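Presented sequentially are two complexes of chain A, the first with chain B as partner and the second with chain C.
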Partner chain A sequence: MTGTRRSPITGAFTVAGLVFLWAPLLLVFLFSFHSTGSLTFPFEGFSTRWYDEVFSSGVIRSAAENSLIVATSTALLTLLLGTLAAYGLTRSSSRLRGPLSLLFFLPITLPGLFVGVALLVAFTRVEFSLSLLTVTIAHLVYVFPFFFLVARAALERLDPALEETAADLGASRWTVFRRVTLPQVWPVLVGAACLAFALSFDEFVITFFVIGPDSTLPMYIWSSLRRTIDPSINAISSLLLAFTMLLFVVTFLLTVWSERRRRGRSLAEDPLVLTGPREGTA
Partner chain B sequence: MTEPRVRLEGITHRFGSEPVLRDISLDIAPSELLTLLGPSGCGKTTLLRIIAGFERPSEGRVLIDGEDITSLPANKRPTNLVFQRPTLFPHLDVFANVAFGLQVARVGRGEQRERVAEALALVRLEGYERRRSHELSGGQMQRVALARALVNRPAVLLLDEPLSALDLKIRLEMEVELRRVHRETGATFVYVTHDQREAMALSDRLVVMDAGRVDQVGTPTEVYRCPASVFAAQFVGNANVLPVEVLESGNGDAVLRLGSHTRRIDYQDAATGPAWLVLRPEAVRVTGAFGANGTPDSLPGVVRDAAYRGTGFSYRIELSELDAHVKAETRGATGHEVDQPVSIDWDSDACWLLPRGEEETAPPAPTAGEDLRPADRDRGEEIEEPDRPKEETKG
Partner chain C sequence: MKAPPRVGPLVLTAPAVAGLLVFFIAPLLAFAVYSFLTGSLYDVKAPLTVENYKEVFETDINRTLGRNSLVVGLLAALFSVLIALPMAYWLRYSAGRWRGLVLFLIVASFLASYLVRIFAWRTMLGRNGAINRGLESIGLIDEPLDFLLYNRFAVTVALVHIFLPYVVLVLYAGLAPLQPSYLETAQDLGAGRVQRWRRVVLPLVAAPAVSAFLFVFVLSAADYVTPQLLGGTSGGMLGVQVQVAFIGTGDFAYGAALAFAMLAGFVVCYALIALGLRLTKLDKVRFAT
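Moving on to the complex of A and B:
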């Protein structure tokens, strides 16, 4: 250990930073189990009454259902369209390939506010009435670049010689995709779709502009907070957090699994790493 | 002549405006093992990919069994390609890899099993059906790739440097295997390589390619003994290329002038004038001090480098009169010392003449391939690679 000596100030900053990041989350989580309606210390005992309240409320249930419908449709549509776009672009030899690809993922930089306003203007201009459908379309616009980036990276990592081999063995374009490309990348694609689901599920800013009369979970939380601070919000938020984290864990595990599968093989395929007994040919 | 299995007619190919193949016409006979040999960048792999259907030639036609297939995509052609790296599908086991082409062609399950077993037996991998590619060695993977191609009974099997990614030892074993598989199947093989030793060991005929053109087509013996160009002479085997002047010619004889020296050789119909003399190192005879037991025809020289190679010595000899060096390979256990004066001579029927421009005095520099692996360029007797650890030899 000959590195620079750690100063106590650095340590203090680290701790302060971590507290700043995590304390609010922990507080929400803690007070979701509070036995009274108070949102401040002292903590007066554990209870699951706020969770019971959340699960028995019809309004919350319908908001959660709406969120699930929107997030599921968004994830499935993104999976389909994003895979097609990424596959098409990575296998294209067109000169427009670079610029097109940029157009596909550049919206990642757009502020949610801008996307929301732009879509609202567009929808009203064409007299498209606001509903969960418009929310789904808006979410598609929002999550597509994230999915596209992940999918494109996964498809670009594939060995193009494998697809050529399959074509050489008589497989049509579609057969090559179905029997060679997809089996190798599906875990990453499904993982990216989980990410899209998570992003859509708790999206607020864009949803706010294009939602119409329905409500999603984030919309419900926001509107109930406007009236009064209801402790059941803590329970909903904790549930949302847990659900989203679960999705991220699934995404992460799928990606790692797929990567390990690929790495393990490519390592073994390296012809310079020839181990084990040679097959005899005398 | 029987109808060729593959006929290439005037194939020209450009990447952008850069021509990589220029007007190549070639007939490949059924059951032939033909090698496309040339340095990297000579267009041999592009030509193979044109036959496979991965590239569409800018000009020219590809015919298989008399049928024009120029515009057919790869998946509709009766060709199969074995790639440089073993491109096994990582998500499938050996059986599913080999059966891939049969499944795509909707061959019945029973027949699939039979033909896969047959193909695996051919490459001596019986019992490997359930292995995954990461459980195989490099040589085994390339055998599976070979079985996967052959199981479809292609009209032509295309091989794109299939051994170049393997260790030298396994490469040599695989050469033996490939020759056996070719004999047993009687299939037509088109083999691409930059390794002249491999090409000579495997081929029925060689196509020497240089800068997108066919330099020479012939059996390994023809190309080795009678190279069509200085390039072919230097690329296929080792060669000394010396500038000479043909003074007289006729009656199966020719008189050469090397520097101030004249020498009569056995040679049919040599054209008088400047020429290149191609002399294989093993045809050069080295004798002790000049004049001792050399013939009046022998040339004086000085040994500049000597290396013992088991079967004999290899020398680099400076020819004092000619401002040139000559490589020589001799047999026997006694050799000559460095800096020792010697005289060189050669079998008068072992040389070959090529036309030379008036102005040229030094042969063009040997191509990159020449220097890559000097050790195994000498007709396969010497098979050691300096930069790889030697594997334990067993059985």
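Moving on to the complex of A and C:
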């Protein structure tokens, strides 16, 4: 363990950077409790009226429901497709691994604008009408690389000896996956699915092009930002922030917990640990 | 002994591969073809032509907006990297017990909603926004500053805000191989603060910094939301024109050509920077761990 170096200049930059990152967000949070519609100081008093407005608005509720539907479908489908893809890729030694990794990574490198218009063109061409389904498809393309990168890293960190031993002892591939691989990585996979959910829930840039007549929460925020400023935007934004933070904390805790479990397990050199009772698996 | 390559498990990737081919690669290819077809309302028809590209380059407004995209993209990328560099350094070598908390705050702000962050800057920079009111209350200005919002400056600030956390994380990861003891060694050998940065820290983070720079540049220059919400009349960008072509005027062929011209521009930038890294040999800098 090396001591920390004193570096007041970079420390000052860090403080300034954190203020820059958080001041605008905290301001939004503060004004979501403002008793008047004014978005400027002086702050005239606390009130939850904007939250009441948000919760009683049918338009916002249906937009939020749509967002939930899309984000849940996206997260579950990504969990399935991404886990299959990452497991298949890490457990094969084919020469196709490189090109396939590139394909799985590629959507990250392209600005959402291009993905959005390309999908709009494709859907229009084959006369596939725009709906929440097309939004979900677009979101799958968008979040897949994020999930894949996390899942692949988790699967590559596993000790291959465990899977090999199980296979040598006669377990089928499916059993190896279910009883050996999955118990070790599921927290990371669920965490990555939470990340996929958060990314999808907040996605606007691509959604805008492929949504058709429906609305999602970001679409609602966009349309009210285009009109005059509606103070309840602060309340929606704060709720959205709180929700994303919650997802992030869940992801974070799952990852930390999984890492602790992994370290604990690799310390136990005794191969009998495999046959012993396994904790934490339902 | 060399085991034969295992192909079997690769079958599991099939659904994802099929999905990406159908919903990502094929649409992009179709999109490329569109840019060479003759446009008609919300559709395209034969024959093949380069008219769309001609129109893209001959329209004056595109030149202005293209310059805006370039300037905003470059400035957003430059400032993101310049601010992130000391932050990453501090996190790696000076944070001590604060590291966890500061990393948490940075990642958490990264996940904050994109639209919310743009909106937040409108309340910060507006005529009656927090910055103007703050400066007034401490007596620095008498009149609100009008140049904060609805121009390229506002767009750049919001984009730096959006991408800064990402750049900090990339540079922080880039510094991981550089043990604090190396810096101490450099110090013991007589390297001053400037020399340690120039000879040890910067060569190591050059490659990640350049890749983060490119990422921020491309995503900023292609943004169509921030310029519309914060750019006003002078801060428009090319992405908005693409959006208008597809959603507003319905001129798919022209929009496709414009988008591909932008993409080509990005590829050129990427090639130039990769070449620069290779010529300066900065892409080869490694530290043993």
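To be clear about the criterion, the second predicted complex is superposed on the first by the 252 of 282 C-alpha atoms of A that agree within 3 Å, B and C clash if a C-alpha of one lies under 4 Å from a C-alpha of the other, contacts with A are read in each partner's own complex, and residues count from 1 in each chain.
Heads up, the rule we're going with is that contacts are C-beta pairs under 8 Å (C-beta built on N, C-alpha and C of every residue); 3 or more make two chains touch, one makes a residue touch a chain.
Treat the numbers as computed from the prediction; the structure is a model and nothing was measured.
S.K.: A:183 contacts which: chain B (first), chain C (second), both, neither?
M.R.: first
S.K.: Per the contact definition in the header, classify A:159: touching chain B only (first), chain C only (second), both, or neither.
M.R.: Once the two structures are laid over each other on A, A:159 reaches chain B alone.
S.K.: In the overlaid three-chain picture, which partner chain does A:170 touch, first (chain B) or second (chain C), both, or neither?
M.R.: Only chain B is touched by A:170; chain C is not.
S.K.: Going by the contact rule set out at the top, does A:56 touch chain B (first), chain C (second), both, or neither?
M.R.: In the superposition, A:56 contacts neither chain B nor chain C.
S.K.: On the A-aligned overlay, A:228 touches which partner chain: chain B = first, chain C = second, or both, or neither?
M.R.: neither
S.K.: Who contacts more of chain A, chain B or chain C?
M.R.: C
S.K.: State whether A:113 touches chain B only (first), chain C only (second), both chains, or neither.
M.R.: second
S.K.: Give every residue of chain C touching chain A within the complex, in rising order.
M.R.: The touching residues are 3, 5-13, 15-17, 19-20, 23-28, 30-31, 34, 42-43, 83-84, 86-87, 89-91, 93-96, 102, 104-109, 111-124, 126, 128-130, 133-134, 137, 161, 164-165, 168, 179-181, 183-184, 218-219, 222-225, 228-229, 239, 242-243, 246-247, 252, 255-256, 259, 263.
S.K.: Could you pull out which chain A residues touch chain B in their complex?
M.R.: 159, 161-162, 164-172, 175, 179-180, 183-184, 261-262, 264-269, 271-272, 274-276, 278-282
S.K.: In their shared complex, at which residues does chain A touch chain C?
M.R.: Chain A residues touching chain C: 2-7, 9-11, 13-14, 16-18, 20-25, 27-28, 31, 39-41, 81-82, 84-85, 87-89, 91-97, 100, 103-104, 106-107, 109-111, 113-115, 117-122, 124-125, 137-138, 140-141, 144, 148, 198, 202, 204-205, 208-209, 218, 221-222, 225-226, 229, 233, 237, 240-241, 244-245, 247-248, 252.
S.K.: Quick check on the complex: what are the chain B residues that touch chain A?
M.R.: 52-54, 73-76, 79-81, 83, 85-91, 100-101, 104-105, 124-125, 132-141, 148-149, 152, 165-167, 170, 173, 176-177, 395
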